[in-house]
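What follows is a set of structures to go through.
Each of the next two complexes has chain A plus one more chain, namely chain B in the first and chain C in the second.
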Partner chain A sequence: MFDLTAFVIALLVTAGIGTALGLVLAWGGRRFHVETDPRIQQVEDALPGINCGACGYAGCAAYAEAIVSEGAPMSLCAPGGADTAHAVARVMGAEVEAAEPKLSVTCCQGGHVDMRFDYHGVQDCRAAHVAGQAGGRKACTYGCLGFGTCARACPFGAITMSPERIPVVDWDKCTGCGRCVEVCPRGLNRVDPESYYVFVLCQSHDKGAVVNKLCDRGCIACRRCEKACPFDAIHVIDNLAVIDYTKCTACGKCVEACPKNTIVSFRKQRRARKKAREQAAQAREGAA
Partner chain B sequence: METALVYFQIMFLAVFVQNFVLSKFLGLCPFVGVSKRRSSAFGMGMAVIFVMTLASLITMLIYRGIFLHPRLAQYQLDQYLKIVCFIVVIAALVQFVEMAMHKLAPPLYKSLGIYLPLITTNCAILGVTELNVIRFTGESETLGGAVAKSAVNGIFAGVGFTLALVIMAGIRERLDSAPIPEALRGVPIAFVAAACMALAFFGFAGMV
Partner chain C sequence: MALRSFAGGTHPPEIKEATRGRPIRDLAPPDQLVVPMAQHIGRPATCAVKPGDTVARGQVIGEPAGFVSAAVHAPVSGKVKRVVQCNTPLGPACEAVLLENDGADIWAEGCNEPADPDGLSAQEVRERVQAAGIVGLGGATFPTHVKLTPPEGKAIDTVILNGCECEPYLTGDHRLMLESPHTVVQGLKLVLRAVGCTRGIVAVEANKPDAFQAMRKACAQRAEDGLDLAAQLLAVKYPQGAEKQLILALTGRETPSGGLPLDVGVVVQNVGTAHAVYEACAHARPLTERVVTVAGPGVGAPANLRARIGTPVRALLEACDWEESATRELVLGGPMMGVAHFDPDLPVNKGLSGILAFTDPTVFDHRHCIRCGRCVDGCPQRLVPSELSILVEAGRFEDARDADLLDCIECGVCTYVCPSRRPIVQWMKLAKDELARRRAREEAANRSGD
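Entry: the complex of A and B
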């Protein structure tokens, strides 16, 4: 039987308790009011929400707050790229120069190096790096171990392993988030702006004579690049050629001079990418 | 007026013998989620103590004062309105704590993050209020006595929760630098440690 009185009493009791609590909360809301900028939530909505940390902040929420409260640069989001930077700028009511895309490069060509021993362990570079008293199984103790840890770590699937077991980066997918840099136990990956064209694809600090015997593509510290460079941008430090990108103009003279083809220029590919991007942006603006 | 022994009994039960986390396994979500650092663990514990105490007080008042009121007893409100009203009270209290903390202790508010509003769904809070209803609504209980005992139970249930949480945080801070196998790092080893703690607290069983 439906008891109306009981129904109404129950309703009144619950509503009464709710109302009383609501009034307490309303008072509390006034008393403990904190000014939060509504833009923080809007900026956070404009960010991709991947929480990769490439911007340097602890996730998208933290970066959004930094943008609004501390005036952090608006174009730090690598995966979001130019689109995100513009969206954030729209929220903040400011103009922004989209940061140049950053791309990952692996500084090792893995040239036909002998193995010191058979390795039957966890098929992960970080584990293999520890084997053999932190020398790893390859005769070159600085080179790429080839177990694909960086390929698995890439959130965007941009890294695949070549048949020679060296990582190959697909620059169309790479967002420069830096995960591959973090996971490589030998620090072989580096993320640089797209406008850097010339790279020394070796990280070996072994003496030149040793490298010459071990690897057909390793840096032998012959210094020919150093002598060839008209801008004083490349030096051999500790048996390895190092490029100073503040001085390098990507002229390519060191690339020609290197007898072991250790130094490589990506000028053609990267300029083509930049052109394609600019054309796409122009087409978008033309249509808009 | 009951002797002080009864209150001591309530206190000892709530903190050690029937610790809400380690004996009853309630409130495990914030227990595992906030126990990474001692500072945030302590802050969370304080928030839980506050909510548990006030929730126990208010819900016992509502239960004895409204549901079991002689004039409303015929409608048997305590049978079906209990959980709904208790949850409403707890949710409002947690909202209040959130607002107050956001204003008065912003760093703690930030470090607790999502776990602060999660206190609402923390079954330990509802557990305390339900337990009070079961234990302190006998025929011989005065309203004042029931409310006082509920409040004490609430305070020390919170204290027990904080104790377990802070000890856990201390253990987990040390586990960070211990050689734990990769597969067990993080939450798995935390649960193993919690199980060991629960076994240890089992030693208090039967004392009161």
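Entry: the complex of A and C
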């Protein structure tokens, strides 16, 4: 027989327990309330949330807290760039000058360098660098090992390996976070402001004659760039041309003078990027 | 009675038959030698000669750059042609002296003269060893005089001479113990005097009964009052010759993590090193030659050769009927810990124990760890290599360090036994290198931050 009383009792007991516990929680919520700045959550929401660490903090949440409570600079988020900096600034009610974006460049074009031996070990540049006691399988002991460790390390998928096993950076995806710089055992990747236009794409300190034999795109320390530069901005130091960016005007004289096409100018692409960004900023202001 | 050993390890095929029955042959020095300045752990020696200099055998051509460093001597008499950069079997490229051999083989003044080793004090033994540029000849190449100078407060009670030679193929130490047991024991006595203790053990694996008998006889004949010299037979197991495993097997003492043998009161020397110590003290001969096993399927007549430091590896191979065209891989050192190298023109250095030519090396593709635990059973350091390999493969180097990565001795047992053919040792080396790089970077950052 259906017992209605038992059903009602069970219902009342459950409801009673629920109410009692709810009251305890409500009281506890007030009693132990911790005052937090609501802006921390808002700033965190404005950040990309990928926790890359490029800002120097443990992750997006830590950076958000640092912005609000310690007054950390608002433009440190490399992946987010100008848009994020503006969003953060809106939350904080401040104006911010967005930092100039930084981009990664791989300083090696030596895709055709001869191999000295077959390498069958772990397919990772760092392993190949350790294993090849004498400097890896490539005849050039400074050049890219080509196992794509930087491409795998990039959190944004901005690096792909060319058919010659040299990394190619897609600047539309690159955020300048610097992970590729950290992982490269040869120190071939560098992250610089967008306004650096001219690069020496070689890191070999071998003597010119050696490089000439090994690589068709390596710096042979011929000093023609040094002579061609009207601004004293490029010098061959320890068999390698090095650009002083405080003096470089990106005139392109060294690029023309280089017999091995080691020096490359990205002036056109980078200027176009800057222009596009400025237009976007104007559009944003117009919309606001 | 079961022979002493350690927990873990493995049993690779020994493959020592080809060379263990043949006497050590002297290899005539070649016309040109390349003598590297970095042949030891520590700072490379500073080149002390310039092109055009005439040198005699035994003359110092590289001055030690500090205490943890070793002198380099001219292995032949002749003329310095150039100072060049050269690849080394175990380590980065370094400065080297290109010597032209004049064939006269004249010793430098003060070298190769009989001396009375029994009259030397502990300090004099250390000085002679240091002057002779002796390093650990087992392969680690740690400067011997540093080992013979225990720091204050560390009492040494046992010296172990390592004659285990647990790597497959290698028989150089085996032959040395058979052919010159007395010089080895004399060397042991000098080491005992230098570190100020009385107990000396010569450790031999059970697969070398003839060497064990020779060493036992020599120990008995060279016995002295107050000295406790003995030869000890050990179970055949790889890596029985690893320093920490050897100490554990013989004394029951476990070297603490990150510690050295002298933390447990022991000094371990290779038998070849003891021989070199005797040569330095009794004949004033600096270290200019060593025994190298040349073997493998790629050589027609495997042999043990006594070669001058700086002789190209090619010359040793050719003295053993090398089939160059058939050789697909050259391994320098033993097959378990040695490294493959591409350049047969590398010079022999102080740490080179073997040259192995392989005609048909198998290349494995590694697969995922199946958690079978064979590496865990085999690891003589009682690490968990499977876990470490997974952490390193995922790039979690700091986590690997916290799982005691730095206690790995890179013996290669884990990689040898792995059914998934995982290159575990290579990952360990990669992780150690990467951690060192990160530490250096942090230190640099801290310095610039100050």
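The definition used in the following text is that the second predicted complex is superposed on the first by the 239 of 288 C-alpha atoms of A that agree within 3 Å, B and C clash if a C-alpha of one lies under 4 Å from a C-alpha of the other, contacts with A are read in each partner's own complex, and residues count from 1 in each chain.
To be clear about the criterion, a residue touches a chain if its C-beta (ideal position, glycine included) is under 8 Å from a C-beta of that chain, and two chains touch if they have at least 3 such contacts.
A quick note: this is a predicted structure, and the numbers were derived from the prediction, not measured.
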Return first, second, both or neither, reflecting whether A:His120 touches chain B, chain C, both chains, or no partner chain.
second
Which partner does A:Val130 reach: the first (chain B), the second (chain C), both, or neither?
second
If you stack the two complexes on chain A, which partner ends up touching A:His33: first (chain B), second (chain C), both, or neither?
first
A:Lys268 contacts which: chain B (first), chain C (second), both, neither?
neither
Name the contact category of A:Thr141: first (chain B only), second (chain C only), both, or neither.
second
Where on chain A do the contacts from chain B and from chain C line up?
none
Quick one: which bits of chain C touch chain A in the complex? Just the residue numbers, please.
87-93, 339-343, 363-364, 395, 423, 426-427, 429-430, 433-434, 437
Along chain B, where are the residues that touch chain A in the complex?
62, 66-67, 72, 75, 77, 80-81, 84-85, 88-89, 92, 95-96, 99-100, 102-104, 106
Spell out the residues on chain A that touch chain C in their complex, using ranges where they run on.
116-117, 120-122, 124, 126-127, 129-131, 133-135, 141, 153, 185
Any idea which chain A residues touch chain B in the complex?
5-6, 9-10, 13-14, 17-18, 21-22, 24-25, 28-29, 32-34
